[in-house]
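Look at the two complexes coming up: chain A is in both, with chain B in one and chain C in the other.
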Partner chain A sequence: MAVKSRIVKGFISLPYNWSMGPTTTRFYEEFKNKRIMGTRCEKCNRVLIPARSFCSGCFVETTNWVQVSDEGTIRTWVLINFSYEGQPMAPPYITGIIDLDGADVGLPHFVGGVELDDLETVAKKVRIGGRVKAVWKENREGHILDIDYFKPIN
Partner chain B sequence: MAQAVAIVGTGQTECGRRTDVSYPELVYEAVSRAFDDAGLVPDDIEAVVAGSMPPAMEGVNNPHLYWADAMGAGGKPLIRTATCGSTGISLAHTGFYHVASGMFDLVLVVGAEKMYEGDPQGTMATVADPFFQRPFLAGAPGIFSLQSNEWAHRYGIEEKRVRMAAAQLSVRNHDDALLNPYAHIRIKITVDDVLNSRIIAYPVRLLDVCPASDGACAVIMASERMAKKLGRPTAWIKGVGYCGEQAFFSEGDKVVWQSAINAAKSAYSQAGITNPRKDLDLAEVYNPFTFQEMLFYECFGFCDFGHGCDLVEQGVVMRGGDLPCDPSGGTLCTNPIGATGLQRVSEVVLHVTEKAGDRQIPGAKTGLAHAMGGLDQFNGIMIISSVL
Partner chain C sequence: MTQRVAIVDFVQTKHGEALEENVRELTFGVVRKLLDRVDMDRSEIGTMISSSADYWQGTSCSNSYYYDAAGGNLKSGSKVTEDSVFALIYGMMRILSGHHRTALVVGVTKCSECPSENTLTNLAADPFFHRPVGLNTVVAEALQARMYLDQYGPSEEQIARVVVKNMSNAERNPYSHRGGKFSIGEILSSSMMAAPLRCMDVPSTSDGACALLLADEHTARQLTDKPVFIHGIGWSVDHTYIGDRDLLNGALPKAAEMAYSRAGVKNPSKEIDVVELSDVTSFHEIMWMEQLGLCDAGNGFRLVEQGVTALDGRLPVNPSGGLFGANPFVARGLIRVGEACLQLRGEAGDHQVPRVNKALAHSVHGLGGQSHSVVILGN
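Then we have the complex of A and B:
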């Protein structure tokens, strides 16, 4: 006799306590004052953001803190129009890589302030190379989402 | 000096929504077929290599323990290799290292995934670190679309042109999948169907994106001595290349993509390939997204940078073309991720041993198998040939 396989529903939800380490902790403390901080590597001279305790390329400690701008250019972007578990907001929305002035590493974040009424025409409204500025939340708690999104300027 | 390594057997399952079997039963199906193909039994195997996506995919942490019996792994060394999308090619490389080292004469390599049992995009979103990148790197479609947009912009490829080339690739993959009995998505589609399908992650549309699949794949590797003793149809691993990048997605250049370029370069140099367009008879390029496949052509030296679309427009990468790519229907039509890279390897093996059935590229002697993984962080390549 052919037996149809039975499907059993399950769920795993596990709590975690993630240590940020002192460098990331300070990086987000500075967010409360609307400051984006990086660390400069003495060896390759790159300004790494978010601030790191060691260089990803040179494998040396980076302790020289520098402030970078909260304005920059869009390196690339994508319109997200699908759903998944744990998603930060309801689609559609735009994320991008922002090259902040003064930083040598891009920052992934949301690009907002763009009308999303017609998805087919969105490419005419967001532009690679376009200038953007951080829109900070009123209440900042030291989190990547203290920046609401990056807004196209001029 | 590494010893020569042969592939003497492959086994693939039918892919799709495989609720008819449990996870180990799915693995058993692929492994049994590999043993049948090689004319071997589990007792012949000396070591086992297995892998899959991050275990949150199926909700069984360290699934290779759960699969052990399905691989006949009792009483043998068993090692897990997992690098996200590139898991399958990493598995193949790990198996290669086992045999090339001279430690083992026969090694079983297994990759599997049951993506319908969990939340694939939710799982992949948790691959990103929890402090910085996680909210923004929206699973695979998000990452690959960021890359595709940057690529098209870098070379000033008109939106209309790149979308058309992507659509032609989608049609090619879907046509070829109809010839592959193991493929998941088996539908006849047109260029207009692709162009008019729903935007998933601009510029990527529904028919530019791979499915989530259940499926498994197994490969048996042998030393030269053992392969000659077995005296069966044999494919030879001529070169392997693998390269990783920094952890932060936005740190490196994803257009002139060093990990892909370096992986190809080292595999080519080992295999003595100087002109991939001429020296390769086929390539199984990991193509979960149509747009990204064209970027790989450039990184693998199939054409100059910025000219990926040309190869589609000129038919070079189509069945019957100069360098047919993904004659299996590719990852675009079948993607049980932990098995996918190993399927690329298996498919090339089938072609060079003239066992590819309806999808056979006539006279194929040498092929390239590839997979990409991490958060756009890893690329791996294997060159496989009919001659030692």
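Then we have the complex of A and C:
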């Protein structure tokens, strides 16, 4: 008897308890005061954000905390126009990598505060090398999304 | 290397959108066919290494489900997740250890059964920084594509030629999931998905499996008159945080350098006759070509435009159609190695490239090419 393969539906939803570790916890506690903190590596002298407890290049601990600016430069960006389960918000929206003033590595986050109807208009406001500033949420809980997005400034 | 390791034979499924057989049956199918081709009994297999991913299978230990179906029943088997070329490297090391004469390497993924690549690779991002902002493979690839575009300024048409070439090559490959003749206009009229990437710049996923038999030189020569030798392997892994990386010059040059040095390749663009690489997007075929040292940075799209990478070009890239032809996520890297073997043996049929003495296979895994592996093969 020739039969078609039956499809069995499944759904897996499982709880986890991830420890952020004390360094990441402090990094996000500082977000409540609108402060973005990095740690400086004594060996390569780079300021690393998010603040972390070690520099994986030099392979030494980093304990020296420094504040970086909430303004910076767009290293690259993408206009998201597709959907997937687990997406942070409904498209369209812009994701970018921001090189904050005073930091030596970039921060992936959203770029916002611009009309998103049309790619050409977006590209006039959002460009590689363009300046942006963090737009903080009114109620901050110590989370990466305490920053709503980075807004282009001139 | 005192001992040489050879690929005895390679088998793959006819890949597809949603294959009817379950993962066990797909795996059994390719391994059974492989053993028949080399006229070998399962009891003669030394060891078995498979490659699959738990999240992509919906089984928290993906190989426990198909271990016996892959020929590993009561054998010293193991699994490498995510990049199936790592499984090849693992199998090769087991032979070099002197404990095994043969190693079966198997890769399988049925993307039709699991959440989308976008969802599953967002779960590959760390939960504190990257995951909440929605990073995944396609987002990371679009961020790289934008940087490439800004730095080197290829036209949309120049990039679209990669898709035209690979889809046309895939049409000649009897195992591909899709393929066909497309015009540049058709590629450029597909919608912007993650600008600068259009829908047709990104190969969607597939169902598929493959199996490959490795052996030491002596055993390989007994099993086949066309052994393909592994001349060099290399791999490298970049920083976890995407903002820490140089997104246009990451782990791939390191992986390539390691493979070339083992294989004694001094001038890859002259010495390599055919390339099977993991074209995760049209832009990335070009970027990986450049980072493999096959051409200068910012020159890859010109080579594509000049037809250098076409089936009848000086340096054919992805004669099989690459991931545009079939993209069974975990198995795809091992398929690149298998396709390179077919080219070296002159068994690639309608997508055969003339005069192949040295071939390069490449695999990538992680967001924005966090990890790469490179294999140099020869007769």
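Here is the rule we use: the second predicted complex is superposed on the first by the 151 of 154 C-alpha atoms of A that agree within 3 Å, B and C clash if a C-alpha of one lies under 4 Å from a C-alpha of the other, contacts with A are read in each partner's own complex, and residues count from 1 in each chain.
Basically, a residue touches a chain if its C-beta (ideal position, glycine included) is under 8 Å from a C-beta of that chain, and two chains touch if they have at least 3 such contacts.
Note that this is a predicted model, so its numbers are computed, not measured.
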| item | value |
| --- | --- |
| Fit-or-clash call for chain B and chain C when the two complexes are aligned on chain A | clash |
| First, second, both or neither for A:G86, with chain B first and chain C second | both |
| Which of chain B and chain C A:I128 touches, first, second, both or neither | both |
| Chain B versus chain C as contact partner of A:L145, first or second or both or neither | both |
| Which of chain B and chain C A:T76 touches, first, second, both or neither | both |
| Touching both chain C and chain B, counted on chain A across the two superposed complexes | 4-5, 10, 12, 18, 20, 24, 50, 56, 75-82, 84-88, 95-97, 105-110, 119, 128, 144-145 |
| Chain A partner contacts - residues on chain C that touch it in the complex | 20-22, 58, 115-116, 118-119, 122-123, 127-130, 132-136, 138-139, 142-144, 146-147, 150, 191-197, 239-244, 247 |
| Touch list for chain A against partner chain B, complex | 4-5, 7, 10, 12, 16, 18, 20, 24, 50, 56-57, 75-82, 84-88, 95-97, 105-110, 119-120, 122-123, 128-129, 144-145 |
| Residues of chain A that touch chain C when the two form their complex | 4-5, 10, 12, 18, 20, 24, 48-50, 56, 75-82, 84-89, 95-97, 99, 105-110, 119, 128, 143-145 |
| Complex interface listing, chain B residues touching chain A | 19-22, 56, 59, 119, 121-122, 125-126, 130-133, 135-139, 141-142, 145-147, 149-150, 153, 159, 198-203, 246-251 |
